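Presented below are the structures under discussion, each in the form of structure tokens.
One chain, subunit A, appears in both complexes that follow, with subunit B as partner in the first and subunit C in the second.
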Partner chain A sequence: MTKKRQLIFSLVRGLLAIFIALVVAMFLIFISSEGDNAAEKLAATGEALKQLLVGPLFRLNAAGISFEGKRLADILAAMIPTTFTGLAVCIMFAANQFNLGAEGGAMLGAFSAAVIAIYYPLPKGVHPIVAVLFGGLVTAIVMLIPALLKVKLDVSEMVCSLMLNYIIMYIIKYLMNNYYADKSKGQIQTYPFLNSSKIAMLSSDSVISAAKLTWGFVIAIIAVVICWLFMYRSRFGYQIRMIGINQDFAKYSGMKVGFIIVLSQLIGGFLSGAGGAIEMLGRYPTFSWSALPGYGWTGITIAILAGNNPLFVPFAAFFMAYLQKGCDMMATYANVPTQLIDIVQGVIFLFFAAERFLAKYRQSLVVKTAQEEIAQKAAQNKEGGQANG
Partner chain B sequence: MANLLSNMLTPEFFFSILRISAPILYATLAAIVVEKAGFANIGLEGLMMFSALFGSLFSYYTKSWFIGFLVALVVGVLMSLLMGFFAFQLETDIILVGIAINMMGSGGTLFLCKVITDNTEGKAMASTTGLITSSLCIPNISIPVIKDIPFIGGVLSGHSFLTYLAFLFCFLTSVMLYRTSLGLNIRAVGENPNAAASVGVSVLKIKYIAIAFSGLMSGFGGAFMSMSYAQGWSQDMVAGRGFIALAAQAMGGGECFGGMLSSLLFGFAQAMGIKFSSVGLDSNLASPIPYAITIISLAVFGVIRQRQAKKPRTAEGT
Partner chain C sequence: MAEEYVVQMKNINKVYSNGVAANQGVDFNLKRGEIHALMGENGAGKSTLMKMLFGMEQPTSGEIIINGESTVLSSPSVAISKGIGMVHQHFMLVPSLSVAENMVLGMAPRKGIFIDKAKAIEITKENAEKYNLHVEPEMRVADIPVGMKQKVEILKALVRGAKILILDEPTAVLTAQETEELFKELKGLKEEGYTIVFISHKLNEIKEITDRLTIMRNGRSMGVYETKDVSKEDISRLMVGRDVVLNVQKDKAKPTDTVLKVRNLEYVNEWNKKMLNGISFDVRKGEILGIAGVEGNGQKELIDMLFSLDTPDSGTAEVNGKSIISIGQKKVRDAGVSLVPEDRMLYGIAGTASIEENVISDRAGSKELNSGPLFNMKAIHELSDKLIKEYTVLCKSSAQQVGMLSGGNIQKVVVAREFSNDPVLILADQPTRGIDVGATEFIRKKLVELSRSGIAVLLVSADLAEVMELSDSLIVMHDGKIAAYFEDTTTLTDEEMGEYMLGLKEQTPEEIRRVCHD
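Showing the complex of A and B:
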């Protein structure tokens, strides 16, 4: 298939998956909407859908539609942690390792960074960098557990990382309750972060600071570029992808499969931890999470949408943040429970990952391309009847 | 410590082990059968969440625990067939299908619960715990003779009938796998689908049966969770049991009896966690114990498996 056709196919496929998810969403909104008869319900559904699709960027009222900068800034800010977890999952899944530890990783990274931010005063500028690196490193080290168990003992990294998520959550809760909590507060939270540790806002503009859009966004984009260079322009990245495609082949061509698998999960751990840390220091005054944040699961969806290519991660992250914002808007203005996003996310996820979804269409494109090639070759009269399709 | 021990050596403690193990055992049986058919169903968690929700809702709306229970089974089977459609027909990676089902099972069930019960306003945490009374729960059964035996009666009698059924199913599943042609076909498809297909076994059909079986078991597990273990459904109530079952399957060597023993081990770990917090230890320290035991036992199991794999090779060499 030509590159152009491949692109068209990916686009059609992606849009159709999103369309199906929207139809499912519409049905669910319809049953959850208020109204005495079908017509009223339909009208309410229309209103809710408008909030879902347009609400994330525009204010809808009687006067018409007006652009809301604050909402765009909100979406961009919400992209920061999920871009990191998306990258983490991309790199781990690319090596065919279904490590689901990005969820606990983000929480562990956030907590570790919070400890540095509260108890170890450092100069402004250095402090957040040290805290974020520390958060990433601690998570990377913990991620050694599933990675090494997989490589050495063939223990399922999936089950192991899932269990780790729970262990991380409970241990952090235990540490919070017994050692780190500020007892003067009613809610379980740490002492406030030192001022020097905070990640600065992107600008002093009131919209930006209200949305808490920090330099973390820029760092996330830089991380995307670095990850892309690593995966597609470096030896290690090539090996990770090769192992993901065919582990036996990689082994027999002399790659250190075990080392590369561990490396991919270390990097994934570091990225998810750093993402959690940046989120924590940029947007919160104290550490107060009492449950897993959900960024890891969103990261998995993002990696699937991006086809494990880091370059597409920010777009997928934007899409997911947009969808989340849309669901929040719907919850506020149309009284549709915000958890609708989980169903929509699941449906998109299923169709994106489905190999045979639109396979016939792809087949027809392949055939078309091949036929054109044959016709071209016949016209050129260079080779006899044999043409490869 | 002595306090803890005397607290543990009671009939109630052993009773609670059996009770806690039952849902894990259902999910483990589900994991065992699909594993025998050659794939992994990591969506058990989500399947159980859906079954638990619909079981409790239907039991409330029909005022009959039995209908709720049946609906839980049907929902489990239907959802698993949907998984099968995506995995086998559309060739989605079965692990990704499982992740998607778990996503929907976590937030999606809460959405459905809010929409169906109309508990949308003001309440961030909707649940069906307020709707389910003990008469809508799956009934407990006291066994006539055994219940009068001291200690043993306290341990074995008075369980929900689903608890007894779980252990019965463990036996039945084993019979199904090793004594019926269906079981033979399932194992054949898992070991070598091409060979199975060459002798006329419909691989697709067998895979659908296997995943439907896992859905049925998740239905039992889910019904138990919301209509016996707890009164009513609440968010994330399955709390990783679907994942623990995957570990129990691996630890039990993929066999029913081994799976039962490892389910009991996890039940024991969880019961101990509850005891820990009852004597004043922070429950956050006790709660991760089952998960930690999962990782440790998987590692130990891995070491054993590696030793076994090495043995015949050295025997051949010498």
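Showing the complex of A and C:
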């Protein structure tokens, strides 16, 4: 298939998946919306749809439509942790390792960074960097568990990492309850982070700081570029991708398959941990998470939307953040339950993950390309024949 | 007259979607109550023909008549309903379930929503007795010996009402005793009126058990014979002849130092079958040593050992004096060994990656292709463009997916990589199997060219023409042993080769030892 056709196919497929998800969502909203008759329900659904699609960026009221900078900043800020987890999942999935540990990884990274931020005073510029790196490293090391078990004992990394998320969560809860909690507070939370450890806002503008849009956003974009270079322009990323495509081929070519598989999960661990850490230090005054944050799950959706290509991660992360914001808007202004986003996410996820979705359409494009090639060749031969004749 | 035959396959043609014509105008028929051998080398089209009879593949054209009725076998379940059963070479059993549970799979007796295990065991016992095939109904399939697994498979087919049984190389995995037992049981079934198709290339077995035989070669039927009327020599000649004589120009080899030195390799596989039995040979600089033989006689295992894909039980293999036994593919490659793998789709390429990504897979870490932590993309583009040009890979650009190319061009990508890495030894395992004439000729020429430039080449091929034309000297493998060594291939006849390949003849140890140039 030509590149252009491939692109068209990906676009059509993506948009159709989103469209179907929206139709399903609308159907559910229609059922659950308030109203005495179908007409009223329909009106409520229409209102909800408007909020979902336009609400994330624009204020809708009787006076008309107006752009809301704060909402855009909110969306960009929400992208920070999910861009990191998205990248983490990309790199692990590219090696055909279905490690789902980015979820617990984000929490562990946040917690580890919090410990540094509270107890180890460091100079202003250095403190957050050390804390984030520490958060990433701790997570990377913990991610060795599923990676090594997979390589050495052929334990399913999927099951192992999935369980690991809960182990991480409960260990952190245990540590919080028994050692790190500020007992003077009503809820379980740590002592406040030292001021030197906070990640600075992008600007002192009130909208930016209200949205908590920190330098973490810039770091996330830099991480995207580095990850892309790593995956598509370095020998390690290359090996990760080749192993993901055909592990037997990689082994036969002389690649150290076990090492690369472990490496991919180390990097995945580091990225998810660092993402959690940046989110923690940028957004919160103390560590008070008592459940998994959800960034890792979103990261999986993002990686799948991005086709495991780091370059597409920010776009997918933007899309997911936009969708989240839209659902918040629906909840606020159109009385739609916020849980609906999970359903919309689920449906999109389903259609993207379904390999055979639109397979017939794809096949028709392949056939068309092949036929054109054959025709072209025949034409060339004819020309050649005439020239010879 | 038509009633004499339970199965008639008329003028069957089969072209696979990749363009391979696996069957060309094949006629095949079965009489009621006979054991019929289907013979031929690997790739001759036996399996394709039988897959069509079992409904796993559809013929491109031709007619299948079962019990006098023209039939379309659209799936195995249709075939089963017509009384056809197939026992595959690789068993289709669920290892974690018991024999009885496997037996009733898909037609299980129920007790409420549960499977009635007692009933399943009873059914199994009943049938085992009826057909005189002894199995242990309560044991897990994973725990029973291979011979019993096969009986389970045969019983499974019989329980489903099969009157015609297709056995795909049933003795390949069996010990001599198990084989004997199987033959007794098959004869019993035959007496009860069952028809059996027996796929094999073991001549002794064929002579012992079958009534008639059909021989296939290169997708065509070479005729149907009464087993008692043809000698083993006749069969071998019909099976392994050369259809096309190729002419690759090559001057006489001037072999020098020994590069690969293999001594006394022994290997017993997981089914306790001795696949390599005291293999010793040398390959020298500047020569092509061919390994001929019917597939499954240890060639695959030998290549696996030489490329560290498996570990022999004993024996040594050295390249330029350095052991290459179980050192991993990286070190084998560092020692200068290249492999053109038999299964190019599995080992040779990453299908959805680009041509460029495929040609650098063995040298992605090399200095030439890297600058600092990143790839030197310019060098990589140059390398891939150069290789595409040199090996005339037909493609739009080096960014094209390898999996989208034709078989011949995929193989060119594989050999481009394997031949261009300054090897001292090339292991070429079925380098031209299933690819078009142009690519075949190109690869053969390249092999000769490389050997004459001072590279040692070990060529394994089931294609007799190829191995005889290309090799300077030749060994024949049979049953895990070297059956013959020919220092000069030019005077060899196909008949002679066939006899060694099928184990009718064997050279003396002294003659064979000449392949070690100590």
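Convention: the second predicted complex is superposed on the first by the 381 of 389 C-alpha atoms of A that agree within 3 Å, B and C clash if a C-alpha of one lies under 4 Å from a C-alpha of the other, contacts with A are read in each partner's own complex, and residues count from 1 in each chain.
Note that in this section a residue touches a chain if its C-beta (ideal position, glycine included) is under 8 Å from a C-beta of that chain, and two chains touch if they have at least 3 such contacts.
The model shown is predicted, which means the values in this text are computed figures rather than measured ones.
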item	value
Partners on subunit A (subunit B, subunit C) - clash or fit	clash
First, second, both or neither for A:L164, with subunit B first and subunit C second	first
Subunit B versus subunit C as contact partner of A:L100, first or second or both or neither	first
Partner chain(s) touched by A:S234 [first = subunit B, second = subunit C, both, neither]	second
First (subunit B), second (subunit C), both or neither touched by A:L350	first
First, second, both or neither for A:N178, with subunit B first and subunit C second	first
Touching partner for A:V138 - first (subunit B), second (subunit C), both, neither	neither
Residues of subunit A touched, compared between subunit B and subunit C (which is higher)	B
Which of subunit B and subunit C A:K251 touches, first, second, both or neither	second
Partner chain(s) touched by A:L365 [first = subunit B, second = subunit C, both, neither]	neither
Superposition clash, subunit B versus subunit C, among 76-84, 130-138, 184-192 or 202-210	184-192
Contact residues common to both interfaces of subunit A (with subunit B and with subunit C)	none
Footprint of subunit B on subunit A - complex, ascending	28, 31-32, 98, 100, 145, 149, 152-156, 158-160, 162-164, 166-167, 170-171, 173-174, 177-178, 297, 300-301, 304, 335, 337, 339-343, 345-347, 349-351, 353-357
Residue ranges of subunit A in contact with subunit C within the complex	1, 229, 233-235, 238-239, 241-242, 245-246, 248-256
Touching residues (chain side subunit C, partner subunit A) in the complex	307, 309, 328-330, 332-334, 339, 341, 346-353, 357, 360-362, 364-365, 369-370, 373-375, 377, 404
Complex interface listing, subunit B residues touching subunit A	42, 86, 89-93, 95-97, 99-101, 103-104, 106-108, 110-111, 114-115, 120-121, 240, 243-244, 246-247, 250, 282, 284-285, 287-288, 291-292, 294-295, 298-299, 301-303, 305-306
